[in-house]
Structure formats: structure tokens, C-alpha cells
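A short worksheet on the structure shown next.
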Amino acid sequence: MQKLLQAVTGLFLSCIALAASAGTDRYVLTSVSENRHVDAWSMNGRSGPGSTSWSIRKRTLHGGKQEGVDLIEVTSGALKFSVIPTRGMSIGQASLNDVVLGWKSPVLESVNPAYINLETRGGLGWLDGFNEWMVRAGIEWAGHPGMDKGRMLTLHGRIGNIPASEVQVVIEREKAITTLRVRGRVDERSMFGASLELWTEISTVVGSNIFTITDEIRNAGSLPQEFQIIYHGNYGAPLLEEGAQFVAPVREVRPIDAVAAKGIDEYQVYRGPVAGFGEQVYGVRLWADNAQRTTAMLRNRAGNKAVAMSYSVDELPYLNLWKNTGASEDAYVTGLEPATGYPANRSVERAAGRVPTLQPGERRKFSLDFAILRTAAEVSRHTEAIEKIRAGREVSVNLETIKPAN
Amino acid sequence: MQKLLQAVTGLFLSCIALAASAGTDRYVLTSVSENRHVDAWSMNGRSGPGSTSWSIRKRTLHGGKQEGVDLIEVTSGALKFSVIPTRGMSIGQASLNDVVLGWKSPVLESVNPAYINLETRGGLGWLDGFNEWMVRAGIEWAGHPGMDKGRMLTLHGRIGNIPASEVQVVIEREKAITTLRVRGRVDERSMFGASLELWTEISTVVGSNIFTITDEIRNAGSLPQEFQIIYHGNYGAPLLEEGAQFVAPVREVRPIDAVAAKGIDEYQVYRGPVAGFGEQVYGVRLWADNAQRTTAMLRNRAGNKAVAMSYSVDELPYLNLWKNTGASEDAYVTGLEPATGYPANRSVERAAGRVPTLQPGERRKFSLDFAILRTAAEVSRHTEAIEKIRAGREVSVNLETIKPAN
Amino acid sequence: MQKLLQAVTGLFLSCIALAASAGTDRYVLTSVSENRHVDAWSMNGRSGPGSTSWSIRKRTLHGGKQEGVDLIEVTSGALKFSVIPTRGMSIGQASLNDVVLGWKSPVLESVNPAYINLETRGGLGWLDGFNEWMVRAGIEWAGHPGMDKGRMLTLHGRIGNIPASEVQVVIEREKAITTLRVRGRVDERSMFGASLELWTEISTVVGSNIFTITDEIRNAGSLPQEFQIIYHGNYGAPLLEEGAQFVAPVREVRPIDAVAAKGIDEYQVYRGPVAGFGEQVYGVRLWADNAQRTTAMLRNRAGNKAVAMSYSVDELPYLNLWKNTGASEDAYVTGLEPATGYPANRSVERAAGRVPTLQPGERRKFSLDFAILRTAAEVSRHTEAIEKIRAGREVSVNLETIKPAN
């Protein structure tokens, strides 16, 4: 097996393959336990019947607030995605040719958490770095800022602004199938505080239009601990446009507040960009199949481009639908966000029974498949699959706002 | 044209001249868009009739809280100035031989913003890094900390603690004239927040005792945005001393509070260092010539050393005069600060009509010339020019404090 | 004399011996004034009758939140200790063979202060990086968070999260005696704020089981300044275990609050780990000998392993005893913390007369010897020395809580 180590910055860097058994190679790019941080690295190959080329490239970002931020770019045929270890293993962008999962944020750089103050703006500092396609909100807490149990919780927690402690690339080869995995461990730990560990993995089979996020959260402490996670996936053009639709087997939809309540009749369709548009947030529960799997989709107006995500409602019983169709300079974006709860402050979520607890040593797994669709036929097939999950069951429109009215 | 690329840290670094048309070379030292950050770089040459030597040197600071901070040092004959891209393109110091523009702060290092928490000390965290000759206060807000529209504003805003996203050195040669320019873009942008962009330039013609700050602020959002800017230029020895004077065509002077009101009769003259001296701040408006240009000067007691700054009162209608003649261990310093308003909290400034607004896409330019004067003759000539601007017009002493009395 | 300069990252780094007079070599590893930061460095030698080998190694930590943190590891025969310049010259761990001074914190990394926000969690952000054997609390303030004189004081002050501005290794050779010193200066300075400078030194004579911390705090301002320092030394296994004892010539013991008051009868003995154990804190004053020296010891149950620390009660009149015998996953740890006061908020400490003041330019020295004991005989000898200091004098149990009951 050939290991190509490229010299990118003029320094030759070495990287160790930990295990080469059964066609599996593991490359450690960052490791606290081995005191390792690889500034630049890359690898590539070809796989499968069509001899699809793939590559994985690690580099370090420079300039402004992105100075020192790690970026891992995976290319697998026409599928691409980028992982940002320094920002809690968030996924910067994913794409399949011209279908891009991501959005245009006013925040232009991938901000090093060293420059982020989560406490600023009354707990809204998270917004100063918010521009990824997929950022996890969590994991000690997620949701809106505010006091809970005597502590100020900042927007969407800390996990998206914690640099990963371990980062690995795993290449698995089994006959004609090559699987690429980017794995990382992010620690959310403090003295007299959270003792939570997140192992995350983004993987794809070379040649596929699907990639998978597989996460595991572990309670590393000696006492039960609450946790929350929201898979805050965000979409702008080309999927989001006037007439784009949220397609899902909705079981219940509920507005977060009075503003969202006003728009609830058209929660599934999108308008074009409007300067000063105030955000609308809906709490959604989905019907699932017998295996508790469900699928939700965002499709463009023409119905020939879409993203479809499939996951278990046992793992992620709620989906937050964030509609923020402001002007494109400010942010024309929607979030389709499978979650353990709604995005109200944890105090509200706990009262509603939407904050899970992990026992000491307990682990909880989350797995989401994302398929990027580029033809009307593919979109139709997924629409049918969604209808099959729905199986004619009704949607319940619950007008009680998630946040208590004051 | 010869481009000298020095290897400073043992690594050979390359730097690209973007445009070489008409004798203009542009060197990109930092660029988010090109993912570039040059650790060390230098260039030099000779220009003009006296064959004046000049050099520009980029290096990276190390140790303590200055670890990783970029510094660009420009030498143009006897004129020197240093730009700190990592600290919002602030100017560390400027000098012409023994006349230094700058001061001795208790803060000894050029602090990396990664170590600054603007929220600390009830919003006074800006003071933990404050030691430059010229730091911009702004640009979403400037002035004193406090609540405004439900948000805690920290002292003097964020722009001085944001690393520049683009940094360029431009060398222009036209016949015998060589102009040196250090340019940078600093982004003050957030989701659901400011969407402001600052392009700043510090330039000088080789052989001159004058350098110029030329800034442009742009509203990159889709809605009107307020902004504020204070050019917080600060002076200690040798210009500041007992008997030093603030010389300017003052149209109105006004104390910020009761403490300043007590000293208003001698607002134009300085005392020697006194341990425990409480600061005095005056809001000043200046008379201008027909082109709306004005000049203000700080001169030493003997009247043979001074700095004179010239700018447009259309661009910067206010000047904040900060007298802080404490013990030299603490800070013996005065600020002469052209601005869009006074340094009270933005809520006070807005109520007084001193907070300008930019329309979507609108740009606003600011330009200030600084002349460093080293002879009694030069100081006299500038004093006469100031008198000519004044043209015998009166000063109005307005005893109403800028901050409302409680 | 041979100076071994190792190339660790592929770059050859040079390090200058400043003074070689009288067998003293000084190596500057970090220096703001010289703009120096050495990424990796090492030195070693042999000394004394037994030709004991010693080494000093500087490296940089990588990965997660420890990215860029400096670490200096000293090995002197069987004695080892590590200094963390980036974290205020804290001492990560010390050991003599199997007797380790240190503990297992939920915080797994040596956190770069760039990732710490002291203000978070209502001023408990210090806990997000707390895992060293010895961290200084201070020096503008120490102790519990809360308002004092209109300012929010965060837990245990800032000094433990300020990168050292000057770091030196000093090797002194005098006949058969070689002394190793790691020195650093940490500045706690701000405009309109603290103007305090800490020079710290950790030293040992090669072949000894003793090492010494020698600190000096200087008031660099023009006005009197308060300061506080707590030598927050923390111990887990193997010294801490069920039946371990705090052995000291106690003059007075006092609970910080009602919780501690309940356990005061057994304040000198330790229980095994209990999940959810709430911390107990005692304020202790010790008897001293005629030279004002005292000794306190933490010994294991069997009495054959211990740490003994000796210092002057003139310098450090108080000792904080922190008992936190929670589950080992959370933190099974005790602190024996000589200090200028108790760990209540500075407002409480000032009212009780336990906050010292430095006059302008004044310096205050602190010196603590730590002996690591590995045999029953050594432990007995130190127990006898403690009894000799006690000289039969009584302990006073003061049930008035240090923190006023609400």
C-alpha cells in the first residue's frame, strides 16, 4: 500500500498509519495523547468499478480570525465535504457538482474559537462564528440563551467552538469498496462541570452520493448528566429559493413564538429574500417507519435538486425548522435540524421533558445519512419514500408556542 | 524591478507582486481569500533626489501575550511607523528622529486579541491591550461601556481587537516619487449583527515628514447601519510635558463630566505627571477653512517639537481631547482624537445626533495627515496656519456636560 | 561546556547563553523584550558524587485546547517536575519515582489561555483549565467570584491564565553542586488597572528530593496596590487515599461555611472517593518555629509516602485546606494551599484584614520548599519536626465560618 505524504508548506511532515490490518489505514492528524498536530497532509487514490478518484487533504487556514484553523477537505468523485476540527468537527460545506449544502453567512471566515467570546451580546457570541453548513449545537446544553439553574447558558452551547483533541482519517478497503472516514473527539469537560465526550465521524463510500454523520456522546463523569444536541444544518442557494419546499412526513408542527405562529400555514414553503425578514422557527415531529427511520428533504422549486436526510426518530425525536429568508447580504438561509429537543432555553426544554440524561459511563449514538439529489427522478423517488413513511397519517398543527408567551 | 525577499526565520518565504503596472507593486502579506499569511518579509530601496533609503519589514512578535502578533515596520528616511495588522491595523508608534508619537502604557506587550476579553471589568477589557499610538475606537460602536438598545456595549468597540483579513504593501514609483502604502481590511461582521468592513491605509511619500491615514468604512449589509469611529491617537513624552499645549482653532469646547468641567479654564495646557490624577475629557469642535479642512497640534513647552494633524470636519466633525497626566508608571498621556462623535455611550451620542448611519452598500471615507515637526520654525508656521483657519473667530465654552449628570 | 541543541520539529533552533560567569549559564527560551520564543530545546548533564544525570527539555504541546502551550520538563535524578509558561508558570506535576504530586482532573489538556473565558459560568471560567499540581491563585485578586468595589472578580484571579513574558533556564555549577532553575516573569498589567509583576522560579539541586518555589511580586505602579496569592497545590493518588492525613502544627482551624463546619472534627483525615461529595474548605493557621518557619505534610495511610512543604508564616500566614474527595472520574483531590489569606471573595478577606498592600515599587518575596518522601523513616522524621514546631501548643477550633452566613 502506498502512502503519499505531500509537502505543502515546504516542510516534510510525517504521519503514522496506526493499523493496516484488513485493509484499514488510520492516520492521526491531531492527537493530544500523542502530542501531535499535522499542519498539512494529503492522500489520494482510485476505487471501484468506475475507478473513481478520491482525495483527502488537510491544510491550515490563515489570515484574519481564521488563523490556525484546521480544515480537512474530502473529495470522493463528484462529492465533496470539508471538516473543521478546530471548530468542533463542524462541516463547512458539502456538495455534489452544482448542488451545494451550505449558505452565505455575513461571517466570511472560519473563525478560530480563540477569537470567539460566547458570552458576548447577552450570550449570542456563537453568532460571531456561525457560517458552517453543519454545526452541532450542544452538548452540555443547546438552544436559546438565558438563565437555567442559576447559570447563564449561551446560545447553542460550546461544542461548535471547541477544537478537537483527536483527529483521524480512516481509509477502509474491502474488495471494490473504499470507505473514507474523518473522525474526531471533542471534549466538553470542566472541573465541577460537564464531563461529556463526543466522538464524531463523517464517512462516505467512494462513488456514492451519500455521506453519513455518526456521533457518539459519552458521560465521562460519575453522576448522571443532561445533554442536548441539535444538528444545525443550514441551506442557502441553490436549494433554497422562492418556491423551495420542506418535504417530510410531518406528524406535528408547532411555532416557537407568535411570529412563527403567523406563518404556520406556509411553514413548508419558502419565499425569496426579503431585507429585514424576521426569522421563523418551527418545532416539528416526524412520522417514521417501523424501524423508527424517517426522511426529510429540502428541494428546490423545480424539484430537480434536493438534499434528503434519513435518521432514527428514536435517536433524534425532534426537528427544528429555521426559516430565515432575509436578504442575501444578511443571510438567506434555512435550517433543517434534527435534534433531541426544540431550541428554546434548556429550562423550557427540561420542563417539557425534552432534555435527555446520560447515566455515568453511558453512551448515546446518533447517525444521519445525507443524500444529495441532482435529478427530478431522484427527487421524485425520495418524495415517494417520504409518502410511504407518512402512510397517509395526518399532520397535527399545534398552535401552542414552544416558548411560553410572557 | 528587483524584489528582495529576505529569509528571516530560516524559511524562505515567497510573496507575490500582484500588479506591476505603471510602477506599482502590490505585495500580499495576509489574505483570507488566498489563504496566505507571511511570517516574515522585508523590502527596501532608495528614492528621490537625496536618494533617501526606505524599508518595509514584516515580522511576527513572540512571547507572553504578544505571541503570534504581526508587526509591519516602515522606515522612510528618518520617518518610521509600525502597523499591527493583528490588532485591527492599529499604529504602534510613529517617529521622526527624536520626536516620537506614542506613549508608555502599563500594558507592555502588543496583545494578541485571542487573549483579550472585551467584556471583562464591566466592559473595560479593551484597556487590557491599550498601548498603541493610534487605535481606532469603533466601528459598530465606540465610546464608554453601558447598555444601549438592550445590548451591553464594551469600551470603544471591537475594531482594535480584530485581526486584519487582508494585508498588503503597495510600492508606487512615479518618476522621482516613491509612495509606500500599508493597506488592510478589517471585518466587523456577525450573523444577526454588524456587517461593516474597514479598509485602512497608512501611506507616506519617501523623503516626507508627513504620513496619511486613509480609511473607508462600508455597510456590507442590506439594511441601514449605524457606525462610530474615533481616531484615538495618544501622546506621551517628548511632546507631552508640563507646559505642553493643545493648539487648534477651537469653535466649542465642552466637558464630558463635572471633573472635566473643573479644569476647563486650562483645557489647552498640560501639567506634569501627578500620581492618581483623574482623567479629564473634553468634547471639541474646530473651525475649518472654506474647504472644511482643519488642523490641530500638540506642541511641547519649548515650541520646537510638535505633531500637527489635518483633516476634514465634514468627515470628522468632533475631536475628543483626553488629558490623563498621571504618574509615568501608570500613564502620562493625552489623546487628540478626531471622531464622528464624543466618547459617551452610544445611547447618549445617538440622542445628541452624533451617530451617523450608512445606507446599504454605502461607503464613508476618512483621511488624516500627520506632520511631525522638529524645529521652532515649523511649529510657528503651523501655528500661523491654525490662526489663519481660526480667522479671529471665537471659542464657545459650553459648560453643559456631555454625559448627563445623574 | 557542551550545549546540546536538539532539532525537534525539523528546524534548528538556537538559544543563547547570556552569562557564563562563575559557572552560571542562562538560556532564554521566551522573551518579549528580545522577541524570542523557542519552540523546542533541551539540555542535559551529570553532576555530583553519584554522577546523577539531569535534563531540561522544552517542547510545545499540540492538539485540542493545548495547541501552542509551552511545557518545560525538568528531570533531576529521580525527581521530575514540569513547568507551563503559557499558563502563568504553573507546575503541571512533580514526582519522585512513584510518588506523584498532582491529580486527575476532568480537564485533560493543558489549556491555552486563548481558549479560557474567566467570566463564564458566573465567574468560574478558571475551572475550565484547572488541572495542575500547583497553580497560583492571584495576584490582583484570588478567591471566590463575586462583586468587590463595583467589579466582578472571577474565581482565583488571572495569573494562572497569563502567558509568561520572559522564560529562562539557569544552570549553576559550583564545585560538585549543580542547581537547575526555571524562571519566568508574568505580567498582570492593564491601563487603569493592576500593575503587578510576578517573577517566579522553580529550582532544585541535582541529587536532591527537594525543590523550591521562589516568587517575587512587585508593584510596578505609582500608587499602593492590594494583591493576593494562594499557592493552590493539589493532590490525588497516591498520597490521597482513604486514611491519608494532613499533618501540620495547626494553631487554628476554621470552616469556610456550614458544610465544612459539619466535617470539622475530622478535617485532618481523608475519606475514599464518594460520587457527589461536596467540597469542604478549612482556613488554617499554623504554629511556626522561632524563625517563623513551619512545615505541613500530606501523608498516605501507611505513612510511607508524603509531601512536606516548609515556608515562612510571615510570608504566607494562612493555609487553605481544600477537601474534595469526590469520585475519581470527577476529581478525588485535596488542596494544601499556603496563602496570604483565605479563599473567600476579596471583599470578605479585606474586611477581615487578610488582603496585603504593596507600596509603589515595593516587592514581596515568597519561598516554599517541597520535599517528596518515600520511606516510613523520612515521614517519621518530618512528623517529629512538625511536632517540634508545634511544641505542645494547642489547636484552636474556631466555628465561626469564614464566609458570613446569609
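A, B and C are the chain letters, set down in written order, and residue numbers restart from 1 in every chain.
Here is the rule we use: contacts are C-beta pairs under 8 Å (C-beta built on N, C-alpha and C of every residue); 3 or more make two chains touch, one makes a residue touch a chain.
Not measured: the values here are computed from a predicted model.
Trainee: Using only the C-alpha atoms, find the rotation that maps subunit B onto subunit C and quote its angle between 0 and 180 degrees, to the nearest 5.
Mentor: 120
Trainee: Looking only at residue numbers at the subunit A/subunit B interface, is the share used by both copies over half or under half? Answer same or different.
Mentor: Different-residue interface.
Trainee: Go ahead and note the Å separation of the Cα centroids belonging to subunit A and subunit B.
Mentor: 42
Trainee: Give me the residues of subunit B that touch two or more other chains.
Mentor: 114, 117, 119
Trainee: Would you pull the subunit C residues touching subunit A in the complex into a rising list?
Mentor: 10, 59, 61-67, 105-109, 112, 114-115, 117, 119-122, 124, 127-128, 130-131, 275-276, 326-331
Trainee: Sort out for me which residues of subunit A touch subunit C in the complex.
Mentor: So the residues of subunit A touching subunit C come out as 11-12, 30-32, 34-37, 68, 113-114, 117-119, 150-152, 162-167, 187, 189-193, 195, 220-223, 360.
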